[in-house]
Structure formats: structure tokens, C-alpha cells
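To start, the structure itself, in C-alpha cells.
Labels for the chains are A, B, C and D, by order of writing; each one numbers its residues from 1.
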Amino acid sequence: MAEMWISMGPQHPMTHGLWTLKVKVDGETVVDTEPDLGYIHRGVEKICEARDFTQITTYCDRLCYASANTWSHSYIYAAEDLLEVEVPERAEYIRLMAIEIQRIASHLMWLGAYGPDIGNLSVMVWCLREREMMMDLLQELGGSRMHYNFPRVGGVKRDLPHGFAQRARAKLKLFLNRIQEYEALFDESTVFLVRSQGVGYAKPEEMVNHGVTGPNLRAGGVNYDIRWAHPYSVYSELDWEPPVERSSIKGADCYDRYRVRVEEMRVSASLALQALDKMPGGADTHHEPGDPMILAKAPARAPEGTTGAHHFEDSRGESMFYIAGGGESRGKQPYRVSIRSPIFITIPFAAKCMIGYKVADIPAIMGSFDPCIGETDR
Amino acid sequence: MGKIVPIKTQRAEADKLAAAISEIDGVEAEVAERVSGTNPRPVVLGNSSPESWRTLAEKLHSEHGVDYCSMVTGVHWPEGDEDKKWEIVYHLMRTGIRNPPIEDGLVQPVIVDPSTVRGSGTPLELELHVYLPETRTPSVDSVQDIWVGADWNEKETWDLVGIDFDGHQGMRRVLQPHETPKGFHPLQKQHHLRYHDFQDMYDDSQGFMRKPADAGKIK
Amino acid sequence: MIHMASGDWLNIVGWSESLTSWSMDNVHDILPSNDIDMQVTIPSTWAWPEPITMGPIFNLQQGFASIQPALESFMHATIMCTVVFTVMMLTMLAIPYIERKFIGRLMDRLGATTTMRSLWVGESGVTAGEWWKQLPFGMGIPIGWVVNLLNSYWGNSHELETVSRVNNRSYHGYWFLLPGFFQAFADFMKFATKEHIVPKNADKVVFETAPVIILATTIMVFAFVPFGPHIYAANPELSLLFMMAIFGVAPLGVFFAGWASNNKYTLIGGMRSAAQLTAYEIPLLITVLGVAVLSGSFNIIEIVDFQMGQNEGNVWNIFLLPLGAALFLITMIAEVERIPFDMPEAEAELVEGWWTEYGGIRWGLMFAAEYMRSYAACILFALFFLGGWEAPFQHTLAGLPIVGGTFETVFTVVPGLVWVLIKAWLLFAVFVWIRASLHRVRTDQILEFGWRYLLPLSVVNLVVATILRLEVWTGEPWDLWVPVALTLAALVLFVILAIDEDEEALEVQRRPYSTQAVVKASPGSHRD
Amino acid sequence: MSYKANTGHPHATPNFRNLIIRPMWMTLKTALRTVPFIGKLRFLKNDYHGKPTVMVDQATMDRVGSEHPSAGQKFAPDRETSQVMPFVERPVTVMYPYERLEDLEPWLFVPGNYFGRIGIVWETCTACKLCIHACPNDCLHMTTEVRVNVLELSEDGDEWHGYGGELEEGGYAAREKEEYHDIAASFDLVNAHADAPQQYDFAEVIEISGDKATVRWSDGSGIETVDSTSLKPAEQDIVSGQIDLGRCMFCGLCAEACPFESFFMTNEYDGMSGFSREELWMDASRTRVLPAVHQERVDMELAKRAEKEKEKRARKAARAEA
């Protein structure tokens, strides 16, 4: 057949969000691709220039709506760098636990969507059944199901509610032995292996040069992780290692990216459990909001010329915030907030990865990179 | 205990790198300390003149193994002092990532032990500022061919802030609709956020009542 | 032409034949038997020398007698077609019901469980009361126990009136209807009334004929599918060949629909259907050939009779050709385009595949056709491999010393149709089970899988069938060791292949030491 | 049947074993687990549905009391708790209008923790507008008015005399109009079809020196130095407050910013729907929380104000002697 451009348009089951992938197809093989983003560009960076530091957290929750907590924490660490605030130890442990539970929920949303991408519908229902448990935990912490507005500059807005520790331990332990159920459907099903192995190769060096990080990079057999390379929070106190996948010779393919994320769910669950055990002051004590144990006093103004930057390991890669202080109302508002979205850089790379594969592989490859368009378009 | 890169090795490497790139004329760099939350971490903070930026970038990539461009930020300082009207901040990183070796047909994953990482393998964070004086068309040399990761960052910076990158192939608007008028770059400071008053925000929030762009033209 | 198949009282073909011949004879007798002379002679005149006689002399009765056999066969055929079509459509209503209920459970949702309750316990207080008490001599008492038991377990009354209301399907009063049953009809009415939209510059002629091709071929398949020994629309000598030929025409209609809708996605969907056809069609035919060779005839009824006949084969083909049964299942799933092989209609990348542009009644009929084809596939499997209308262990059960008698009456009372339907529905449950657990294969992978694995295996199956037929079969029923040996061999082979661990693969995928998470899963290492 | 050759992949090579057996066995087990009694068999390893766990903590138990619908309920981590079918495996879904999640899982709706509808105790609101500045989406709108506090009108001998505020620089002051009393006496509001006569002229106090105070009259008649005894302290009071729930994202920043314990995030999540954005403009009556609901915190707040008043009194008295 002659080559033709197919627009896997903004409204398409494969896109997990609102973006267009124009694909040049010769028969079933993909010859050329061109991503087109910007459909839900809300101008968060411009809005942040007119809001003060506590208000911006609510917008950062809504950057990637599937993992709201990780994004608001990513912003808060940059704001604390800008305002030079020392965060109490207990707040760091609570934050780490909230981030890791959110990472599990985000990976479950991805796995649930990846099943139907390749044809199996029952895995979506199973994953969302587990994600419901994680969202209950985060609802207890943050107050609502999707956007929590949980961290504050200098700590967290509220301590663990009564009885949270026992519920969290029960849910995380139950989740740990339910992962094998997904693996039976994915790992141990030849149809999935045949559909995902050998599809969408990517070498680690090429990925780093393209700026792809996180689970997609670790799938290539390199254990680079922002949590140990540019350390923040209390990851050094807990016993964990970033999961790495022994990729195939030609590089990391969809199967490796799937394997890394499932292992990462396990590591996150064990991290959250360890954080609950090692929390200073014990996980069963409860402090009032604003107590110095969980929230340090933070200046409200950032003078002109001061800057804050932080690299953060989001569930989809490296997210970064760069804030220049000294904006309106005498510094209460930032002058410029710059947000790095991992998926904004991964989508062009994924589009290049697709060349040479079949039309049926487009959702497999795109799904394995776990795109979340909210953060892409900011 | 979870192993992280010790601060001492990182600071030593940062000093070495800062010293190395300060030799290039037009570039001065020093090691600054950024503390987010609890952990301090050394950052190589440097600023370079627009002319020497390209040479600095090539040297960083070739000699110092800076292999990862995290983000390019454009900032517009209308009231800034004379030669600092526009600022471009390059956030680069040295990750020391190599393709894992292949022994007897199998890939051996590279498991870096953070606590014993040495020399050029230590991950480093760089933040390089390039300042431009007041011009209608601010532009800097593009590093698209050195770090492909910077490609879409530069497109986004031009799209939103209006800083052009010479030598950038295929510059187009990525985040804004394609028919955005030329020269409209929202993150420049002359554009202000307008709080839509209650009435006109809801009555015409999608702008249907406004006349289409090509009204009056014969279609 | 065909000898009398196994006796079964539900002899619809016989009844219809006797009905037509009886009615035609009556018509023949009613007609006037005298000749009717309509001849006219025109005397000769100067223009034409001899007189010209025109007009027939005919006899209504003889005329009718000459066309009577054709009329009889026509009437017989129409009666049988309508009977078979209604039987098929009514029994097919269970298929979507099975899919809805079983897929819900497989996906760990409970599916609409409330339907079970309203059957037994009535709705919103409106029950038939204790009707069993009216039965004479207290015969109804045990029914009462059962109802109260079910009422207590899946009780419908709950202290929160609102919660009971949730479960009452008949909150608006029509308690007597089978809840959820009429969903299928309501859907169909909706499709029927939807607007028919033809894409702008679609290939209109082909766009309109494609659904006709698909639907016609699907319904024609049921012409040759016998629901019981004497329930079939047509029973030609080579009914198997006819049926297989018609079964393979529908992908052509799919290809037409894909091309004509002037939409890139449907074009790819249609192309995939055509490509997929080449992958599974040949292994399917060779497997069916194997069955025909083993049963010694191309007529489906004779195949079933061979499997159940006391003096012929008396062993179900599934025990003789286990490999053939597996291959038939796989290729049939590919034929009816269900989940592991539904690339033409792949949701992920092709949105809805080849029927994206269809709407209204055309889409509704094609959707129904897809389910009809799945239903036909299930019935065929039941006929070829599970001994059609023979109850499982029919003769051995009937032969039991004490109990044999009751079984005997049961088997004679229950028509063959019931066993065929039960086997078909169970097999559709297997289709749904496969749909819930497997992913979708790529088109080039099914081509490779079809040519590299299905085709050789089907040839092996054909060889086994011929060896069994020529060498092992001695004219009377199989002696016991043949099916036992074959099934045991198949099971052992299956277990070996299933349990064998590819040590080298296991060793190779040793987890990189860095992931020390709590419990690691990888194939083989995770007994569950 | 090893695909390792073409995929070059070391892991999990597809083979007959995992062709269909493992996935189909897992889906079948999931189906069997939902069957009422078979599902509990051990070989299905059913630690899935309704795995009993202690989920309710003591604080929630006390708050909820014993006759709460969730009192006698057995809980499970995966929310197998709804009571639609008491004996059969409970579905995870909560049948919303007929069952409510706060009845089934009360710990998810701890009053202070759950961010439902905004509730305001208007009685303790002092129109300080901190909440308006705290809201990221500018949903809060408030109209205020300068009024004289009722405590100022007391004469000697009244039991609440002397508790009023004091003139402060930067605050508001009010001077009574002379002719007010006779106009007010003859003013009949019902038939007059005109505004009620204003009793005070309001002004902003610029600075106070001894008993002289320079004020700027708010009716624009310029700055004047007036004898401070003729001035009464005045303050801004709230007239009406609206919240545009169409724009609100329930982030809770206004509740945190309010220093006077009059802003709460209630547990309600379902009373806030409308057919147009105008209907989502909730005025005071629809966002009200009665002080009785948060009685102890409102009392604490009033006690704090009384405390402040007492200190002011003491300081004034001390200054009077000095």
C-alpha cells in the first residue's frame, strides 16, 4: 500500500490523555511519526507567577493528576530550597511514605491502562481494585481522593490520623501479595511476552542523551535514580535499591519497562512500610496541625535574586522545579517557576522508538512509557 | 541502610569541574550548596557569556562527560540591570551512564554502588546562566545536536518565553496552538494574568462571542 | 439416501414431511379431476386453408400432481428453515447472558448478581405468595423449604428498605418478567431505529453489500448445522464441505466493509481480517478433514452417528483426536475473531476496527452475526468432538444394573437438542474464559503461529486420524484401549510441556542482585 | 517453541508452559473466589475478599458511637464492607444513594480531615479578608461595611460598659451627627421610600496625639483634627459572603488561613450541585455551619478575644495611672 499519514488523534484510546500522534504507515509498518502536544496547556507556569508559595502547591497537584502527591512534593522541595527552610525529621518520613503510596497508585493506574492497550480487559479491573486501597490511604492523609494539597513549605499540613498506621500496614501487606496476580496475567502469558518483548528497543546511553529517565531508563540495565544520585528526603535511612531490569542485547523493550515498574511497586510498598516503622515519634502518635514536629516556620517572602531548584524522582522520570524569587507583592510570589516534565521529553523519544514496528505496536510502546499528558502540557 | 552519593565526593568533583570550566574566558563557575528539606547537595553554579556558551557546552559534553540536559529555562527581566534583561538557565547533569556490557550474549546490568562511586562516575548537577542584554530578538546558540534532550526544551522556551536558539532545526510551537500569532510569548512579563470578572468569565469563557480571527475575509 | 439416524422422538423433519405430504394430498384431492376443455377452433377461410384450433385442454388435478413434489419440498424447506432459525435465535439469547455473567466473575466483579435473587424471592413484597401450599396432599412443602432456604441465603429483605430497593429489579412493578432478559431485545430495537449514516465519499455499493455478505453467510451456516438427529434445515450428502465453505466467506465481507468505509483505521482492519484468514483457514479445514476421515463421512449427522452409534464408533472424537480438538478450538477463535485473535477489531489502535463507520441496524446485525458465528463455532465443536446429541456416557449409564432403567427413560425423554445446547453453552463459557485471560496477538504473529505451528500440527492430526481409521478401526466399535491410550498420551504430553522448566531460561533470568524486594515473581519460580 | 532467537531477550521466554495455563488458571481462581462458599476454599488462597482486619481505631469508635451502621461490621483492607448482600461475597462498590461511604468506613471521614463542602461560622467572622487572599482561585467574595460596635453605645452603669474598643491609628472612627436624633425620631422607614438616615460620619484615624485625633472623613470632606472624645471607635463588619463553588477546588487553604476558627471543611460531599454556574454561587445560608457544631472551638475563640480585651483594659488602666 502506498504510505499514508494516520492521525492517532487527540481522541484515541491509545493516547491516555489528549495528544495527537501522526503516524506515517506503509501497510502495517510505521515509517515516520510526529507527536503534537499542547492540547491541555493551562499555563501553570504563568499562573504560578501570580500566586504565593502555599497556593502554588494546589496547582502542582494538578500537573500530573495520576500522581498528584509526587508533583506537589517535587515543587515543595524546590520552594524549601528557595526559602531555606529546615524540615523536621518526622515530616520527612511522612512525606516519603505519602510519595511512595502515590507512586504505587500511579503505577497501578498505568498497569491497568496497559492491559487493555494490548487486549486484556480483566487486568484493568484488578488494578483499579488495588488502587482503591491506596487512594483510601491518601484520602485519610490529604482529605480528598485525587488532589491532596498535602505538603507545606517546611513540612506537611497534618500528621497521620488516628489508626492510620494499622490500616496502612494491612493494605500494603495485602497489596504485596496481590502483585503476583497481575504477573500471572502479564509475565506468565506468552501472548503478552510475544507482544512486548523485542518491541520498542532503547539503549541507555541513547536514552540519557534524549533526556529519558526513571523506570524507562532503569529498564536498560542502569540503576541511575535521582533518589541516590542527588539525594533528598530520608531515603538514605531506609533499606532499598532501585529495581533494575536485565534488558535484551538490543536495549530495553516494553517487557523490561513493564518488569521494572512492577518491581518498583514492590520496592515502594516496602519503603512505605519501613517509613511507618522508623518514623520518629512513632506512627501511632498524633500531633496537631502546625506542631513544630511536622511543620517548621517558613518565611513567606523570597527576596529578589534568590533561586531554588530541585531534581525529584517522579513515578515517570525526573521532574524538576526551578524557582526564581522576588516576584510581586514584595517577594511573596515567585518571579518565575520553571517545571520539567519527564513525559514532555519522553514522548518525542517514544515517537522515534516506534519507527519500524507495526501499527499494533504503537499502543504497546506508547503505553510502556506511561505517558501522563497533564504534566506534559503543564 | 540506603546508600546515597556522599556529599564529600560530590563536592570534590564539583570543585574540580568548576575550576576546569572557569578557565574558558567568559565563563566563571563556583560550587554552591542547595538544601531542599534535609539533604544539602553541591551544585556547580556558573554563568557564561552568550558567545562562549557554545564552546562551553561542547567542552562539557566531550571532556567532562556531562551527558544529560534536564531543563532549559528562559526568564525575562524587563526591569533587570542593563546586560541582564534576558536570562537562560541550563540545568545539566553528569550521570556517568554507559551502555551495560554484554557478556556471552547477556547484558550485565550496571549496578553502581552509590557510596563507593568515584571520579567521573559521580553524578553532578550543573546550573549555567546565560544573560542577554535588552533586544527585540534574544537568541543563544542551540545545543540541540549536543544533547538531544534539549531539543524540545528549546522549542518550549522559544514558544513560551520567546528566546530564539540559532541553529535549532525544526523550531515550532509545541505547547501553544499552531495558529498562535507570531511574536506572542506568554511568559514575557508584559503579559499579565487577567482575572476574568464573574460576568465575562462565564458568559463567554470559550470566546464564542468573539469574532473568529478570519472574520470578514472571503473564505 | 441416508439411513435412519439414532432414534429421537423430537423428529421435526419427519413431522414436517408428513405434514407437507398430507396437506398436498388434500389439496390434490380437492382439485376438480375432470378435464377442462378450453379449445377453440377457427374455421378455415380463404386466407388460411385448414381450420386452426387453439387453447389447452388441461386437468387441474394432473397439473397439480406434476408439480406436487416440488411444492412439497419447497414447503418442507421453508418450515424447516423457520424452525431452525427460531431454535437458533432463541437458544442464542443465552450466549450474551453467559458472557455478561461469567466475564463479570472472571474480572473479579460480581456481575449483576441481583438477577438471581428476584427469580426466587419475588420483588418488593410482591411475591406469588406461598403458592406451593395450594398443591394437593402437601406435595408443595419441600418446594417451600427450598424457597425459604434461598430466601434466607440470598434473602431479598434487608432492614434498610432502601438497600432492598436496590436489589429489586421490579421496583416499578413488573416483577414477573425475567430481569435483564429483555436487555437484548431493547438493544436491538435501539439499533434498528438508529439513523443509517454512510460516510461522505465511501464506496456506497460495497458499503451496503458488505453487511449483507456477512449476515447472509452467517445464517447460511446454520442451514447445515443439525441441532438434533432430525432438526436440520438441509442435510446434503457433503454438508460438512458446504458449511465450511460458507463459514470462510464472512472475512471477505469484513474486507469489503473495511475498504468501503473510506476510513484509514477500517482499511487496516479489513486488511488484517484478510491476512488473518490465510493463517487459520487451512489448519481449520485440515482439522475438520481429520474428523471427517475418522468418522468416514462428510455428512455431519453421519459423523455424530459414527461417534454415538453402538455398532459404529461409539467413542467421542475428543478422546480419539485430542490434538484435533485443541486445534479446532484455536482456529475457531481465530475464525470468529475473539480476543486472542481479534486484531481486525482491535480497540487499542484501530478504535473499532472494520465496523467503525457502521451504525444503526447494520452495526446491530453485524454484531449479532459475530455472536451467531461464535455460537455456530461452539455447536460445531460439540457436534464434531463431543458426540453431538448423545448424553455423556449414555450407553454405559443406561446399561447399569439397578439405576439403568431411570437413565434409560431420561435419555429417551430428553431430546438430543438439549444435549447439543448444553455442550455448546459450556463451550462458549470456555470462549469467554479465554477472552478474560489472554491479550491480543499481532497480525504477523498469528500468521507466523498459524503457518509454523497450527498447520504442521493439523497435518499430524490428519495422519493420526487416517492411521486410526485405516489400521486401528476394525468395523465395529473402538475397543477401549484406543481412546484411553490416545487421551493418556495427549494428557501426558500436555503435562510434560506444561511443567517443564526451561532451566537455561530460568538461570538466565536470575534477578539482577539489586532488586531485593520482598517477594519476587518470575515464571516458574512462583508456585501458586 | 523458544522465541529467544529473534527477540534476543533473556527473560521469561515464551514457551508452552506459560502459553495459556497460568493466565487462565489465575482468571478462573478469581472467578471461583467470588462464588459464595467455594470461594473460601484454602487451595484458592483466598486472602482477597473480606480478609478480616482491625481497621477502626479507638478515636473513630468513640466519635461514631455504638449504634452507627458500621458498628457491627467486619472490615477488610479492600473495602469489602458494603451490606447489600449480607451472606454472599460483598461487592466492593458502595451503592451510593442507598449506602454512604461514611457509614461503611467512618475513618475516611474524620470531620477535620475530610475536605468536603466549606462551612463558615459567620458569627465569629471579623471580616479580616485573610481567607480571600489565601484562595488560589479567588472563589471567596465578601462585602463589608464600617459599623460602630454595639458595646460603644453603653453609658455608665450598664453592666457591659467600658468593654468597647479604643481609637487606634489606622483604624476607623465615627462621630455622631448632631441632627440625627430629631430626624430619626420623625423618620417612618415604611413609607419614606428612602434610606434610613445615617447616624454617624465615619473616618479613618491618621494619628492620635493626646486628646486630639487627625482623621480623614470617608465622605471625602478632607482631613480634620478633632477632639478624640467626640469620636467612637468603629470597625469593618461583614455584610454578606459568597463562595463560587464552581471555581473552588476544596484545597482547604482558606480554612488554614482563618485565624478566628470560623472556617471549616465539612464532611458533606453531595449537596453542592446545580444546573448553572450561578447556582453554584453559594451565599451565607448555603455555606453556614452552626456554632453549635464546633461549640468548643468557638468558645475557645471567644475566650481568646475576651482575654485580649482584658489585657487592653489592664494596659489602659496602667497607662492611666502612669
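Quick note on the criterion: a contact is a pair of C-beta atoms (placed from the backbone, for glycine too) under 8 Å apart; a residue touches a chain by one contact, two chains touch by 3 or more.
What you see is a predicted model; the values in this text were computed from it and never measured.
Nearest to the common centre of all protein CA atoms is the CA centroid of chain A.
In this assembly, C is the chain whose CA centroid lies farthest from the centroid of chain D.
Note on chain placement: the centre of chain B and the centre of chain D lie 41 Å apart, centres being C-alpha means.
Once the centre of each chain is set as its mean CA position, chain A and chain D turn out to be 31 Å apart.
Measuring from the averaged C-alpha position of chain A to that of chain C gives a distance of 48 Å. Averaging C-alpha coordinates per chain places the centre of chain A 21 Å away from that of chain B.
Across the assembly, chain A contributes 122, 126, 129, 177, 184-185, 187-189, 191, 194, 221, 223, 241, 244-246, 248-249 as residues in contact with two or more other chains. Along chain C, residues 106-109, 436-438, 508-509, 512, 514, 522-523, 528 each make contact with two or more other chains. Among the residues of chain B, those in touch with two or more other chains are 106-107, 109, 111. Here chain A touches chain B in the complex through residues 37-38, 41, 43, 45-47, 49-50, 77-78, 80-81, 84, 86-87, 89, 92, 95, 203-205, 208-213, 217, 220-224, 227-241, 244-249, 308-311, 318, 320, 322, 324, 335-336, 338, 340, 344-345, 348, 377-378, going by the rule given at the top. Those residues of chain D lying in contact with chain A across their complex are 3, 6-15, 18-20, 22-23, 25-27, 30, 47-48, 51, 53-60, 77-79, 92, 105, 107-108, 110, 113-115, 134-136, 249-253, 256, 265. On the side of chain B, the complex with chain A involves touching residues 1-5, 34-39, 41, 43, 67-71, 73, 75, 89, 91, 93, 95, 97-100, 102, 105-112, 114, 123, 125, 127, 147-153, 156, 160, 173-177, 186-187, 191, 193. Interface residues of chain C, counted against chain A in their complex, comprise 103, 106-109, 264-265, 268, 271-272, 339-340, 342-343, 346-351, 436-445, 509, 512, 514-523, 526, 528.
By the touch criterion given at the top, residues 102, 105-110, 113, 153-155, 158, 160, 162-163, 165-167, 433-434, 436-438, 453, 497-502, 505, 508-509, 522-524, 528 of chain C touch chain D in their complex.
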